[in-house]
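Attaching a single structure in structure tokens format; questions to follow.
A, B, C and D label the chains in the order they appear, each numbered from 1.
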Amino acid sequence: MDSIAKLINSLTFQRFIIAVILVNAVILGAMATDVTPATMRLLHTLDLICLAIFVIEIALKFAVMRFSMFRDPWNVFDFIIVGIALLPASGPLSVLRALRVLRIMRLVTAIPSMRRVVTGMFAAIPGGASVAAVLFVMYYCAAIIAVKLFRDVSPQHFGDLGTTFFTLFKMMTLEGWPDIADDVIAKSPNAWIFFVTFIILTTFTTLNLLFGIIVDAMNQTREEEEQAELAEANLSEDPLQLAAAKLAVMEDELKAIRKLLEK
Amino acid sequence: MDSIAKLINSLTFQRFIIAVILVNAVILGAMATDVTPATMRLLHTLDLICLAIFVIEIALKFAVMRFSMFRDPWNVFDFIIVGIALLPASGPLSVLRALRVLRIMRLVTAIPSMRRVVTGMFAAIPGGASVAAVLFVMYYCAAIIAVKLFRDVSPQHFGDLGTTFFTLFKMMTLEGWPDIADDVIAKSPNAWIFFVTFIILTTFTTLNLLFGIIVDAMNQTREEEEQAELAEANLSEDPLQLAAAKLAVMEDELKAIRKLLEK
Amino acid sequence: MDSIAKLINSLTFQRFIIAVILVNAVILGAMATDVTPATMRLLHTLDLICLAIFVIEIALKFAVMRFSMFRDPWNVFDFIIVGIALLPASGPLSVLRALRVLRIMRLVTAIPSMRRVVTGMFAAIPGGASVAAVLFVMYYCAAIIAVKLFRDVSPQHFGDLGTTFFTLFKMMTLEGWPDIADDVIAKSPNAWIFFVTFIILTTFTTLNLLFGIIVDAMNQTREEEEQAELAEANLSEDPLQLAAAKLAVMEDELKAIRKLLEK
Amino acid sequence: MDSIAKLINSLTFQRFIIAVILVNAVILGAMATDVTPATMRLLHTLDLICLAIFVIEIALKFAVMRFSMFRDPWNVFDFIIVGIALLPASGPLSVLRALRVLRIMRLVTAIPSMRRVVTGMFAAIPGGASVAAVLFVMYYCAAIIAVKLFRDVSPQHFGDLGTTFFTLFKMMTLEGWPDIADDVIAKSPNAWIFFVTFIILTTFTTLNLLFGIIVDAMNQTREEEEQAELAEANLSEDPLQLAAAKLAVMEDELKAIRKLLEK
């Protein structure tokens, strides 16, 4: 058991896994191009070998850590990604065939600096949860209002609730919103009030959300770095620390002097 | 009276109201889809029940707080939102039927963290007022200049002041501006000077405005958090506070020593 | 002379000028709509009265300050704006008729908080000059390369240097760039290298430029506010200042003690 | 040798080179417009003279610094840029003819403040490397998934891997994504899941990347400025430094007093 644990945690093994992921990424890329059937068979075989290596890696991890391995969300992610690739992927699940490619995302799991980026982003999400909730409530209200007002005016954009959700998502990226607006305004001229209000409010809230999360994510990284620096920094270099230390010495001095004098 | 006040402020009551708002949001969403007349009648009845609960909530609040309840802008917001839903909404006011959906926005009133986000945004607006005023003056000038110069050249975009305001709003989101510009430039080749100047100035000022407000909103939230932290932090942990406290002790020591010596 | 200076600097006079500017803004807006010839004549007369007031204001200022008034760039701006409105504006200068509207921009001159915003933006521009220069060199190189490579492939976008400058400006706002790129790539397939490189480099440099200027402008405003706060803050409230003051007292104490003891 | 080194480093020589680059930029610009064959011949001759001056400059530098000149990446850049202009540029290398224009980029090398901007951007890139890697992995996965799912549905956008890479790059700039999405969704209705996920994830990660690099680049410049300020600032002006100095004096005083008393 111990020797397996050593193997898994060894740098050589981790580098080997990263190499296999990279090779697999190239293979999956090549399989998406037009190749001869013979090459495709070869690529398929190589892909199966890569997949087998991943299965063995997870099996080894499970042998060492048992179910405690699922406490690390990255292991859960790896498990699901490899699990998807093992599903039959025929009939109703055929779309999963495409998701097999997500195996390349294992690169994020395997390389610490990329893992930190993703962890940072996820850690910053709760800070943006309230803004996201406000944005979603605004978006939901706007969708129902738009269906009620423009259902008959512009059925291809606001025909039903699903279409309206997608149309408003497009408008939140600002992409092509003038065409949609002009189409509606041609028939109900006051509709510009809805569109201008929607554009201003959601653009502002979306920017607020994105900035909040990004600034949080950057601050978190910076704070960690600063704390590391502080721990490193020789405390005696800081004039404040120096002053405090000197004051402690002087207080003792003064008390000694007073005692001397009182005698 | 007191028991009503207790009821209103109880966590159970507040959670109940949040639950009713969420249920009402789902009902209003379902009413915007194509449902059978029977289902629609059922949804309509459920919607009326939710509305009744909101009316009772506001009546209870009024019973306890009387007109002082309108000092809190959130209560005013709730009152207006529920009031809109009670209007007949027929004839010229039929557009208010759509605004009934704004009841879902009560979720922002009911959940403190979302309320704080909106309060933060509103509090940051005055800081951006000057930039917004500069932007509006630029926008107003540009609209009059555009009408004067391009009224005959491109009547569908710059035919009258209202249309021009909307066209320039579209251009401020950068959406489809090359089409509008090409249309005008084809007939008056020097128009590119107007468009390039307008795009650069308004994009820059808009970004300035958005950034200013967002950074203000984030700073405000951060400052509040920092002040809370400061209040929490044990003061004696701060080397500066420690030093000041020690100095006060030492000053007293020194004065005592001098007196001793002078004797 | 002194009484004129008093008049010009009085709050009442300044508020009167702001009111005239606002009235003039409404008049100029109304003149851009379709009105009856009679109304137009009335608006024209009112506009002339406003203009006369501005001319008198500048004449008064000149009477008091003489040529030293042109040391303040805002006075130069006012002078030019009012000067444009006095030009005949016929024949080759007819475009200046449209620029008369810029008189509304005098609002920025007249209201201190708006003036500060514009001053802040201008003050931040030098900090962005180097980035702007790099951006311009990149843009100039890209234009010449594009003309050389795509002149024959897509003459409507890259036919000559002027057209190419405008096309690349459009692409820098990202607006409609895929259409332009697809048009070129259809004939010379490797052109995607140029477009992808251009989009990435200029988007990044433009953002860098905008951010730099905006952050500078905000920092400048914040620094001014902080310095004002510092000046206001009672110095003795700051623990550091308190400590320094106490230390000075204690140093004197100690020297006195030593002298006493040495005696 | 020494006199050549003096010449190269003299301000006059550097200004002369900047002037030649600027003249060359104008010449290259003029050559991209429609001129008479006679003018073209003149411009060509002038261009050759500029090029000759650059070759002589590099030769002089090489004479002084030998191969150690290539330790400075800016010299390598200059060498490559001038080298490209000397290549025959016919047949398969004809595209290099267009790259001759990059000589104008030498302006960045020659003017220190522009050089600092570019250095700052390059220095900030490593900080964004992890985010860029995450973005690239997401982009690569999305491309393979899109080819697998939409190859037959929308061959003009997702026909093969190369086309898909370009289509997804367009979508990352948000430009025209609704048209591409509508085209695919018309045939496979669930495709909106892919597009919405892709837009949200890549927009967020791209913004994260751009902000990270820009903020890093600005922080770096600011830190350098702050350190310069700190070095300049008279240390005795800082109350903390003053206090520390006073404390050192007082400690000596106290020790002297104690010794006196102990005697």
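Some observations on this one:
In the analysis below, a residue touches a chain if its C-beta (ideal position, glycine included) is under 8 Å from a C-beta of that chain, and two chains touch if they have at least 3 such contacts.
Just so you know, these numbers come straight off a predicted model, no measurement behind them.
Superposing the C-alpha atoms of chain B onto chain C requires a rotation of 90 degrees, rounded to the nearest 5. At the interface between chain A and chain D, under half of the residue numbers involved are used by both copies, so each side presents largely different positions. The distance from the centre of chain C to the centre of chain D, each centre being the mean of the chain's C-alpha atoms, comes to 27 Å.
Computed from the mean C-alpha positions, the centre of chain A lies at a distance of 38 Å from the centre of chain C.
Multi-chain contact residues of chain D (touching two or more other chains): 174-176, 240, 243, 247, 250, 254, 257, 261.
Those residues of chain D lying in contact with chain A across their complex are 129-131, 133-134, 137-138, 140-141, 143-145, 147-149, 160-161, 174-179, 181, 190, 192, 196, 199, 203-205, 207-208, 211-212, 215, 240-241, 243-244, 247-248, 250-251, 254-255, 257-258, 261-262. The residues of chain B lying in touch with chain A in their complex are 25, 28-29, 32-34, 95, 97-99, 101-102, 104-105, 107-108, 111, 113-114, 116-118, 121, 166, 169-170, 173-176, 210, 213-214, 217-218, 239-240, 242-243, 246-247, 249-250, 253-254, 256-257, 260-261.
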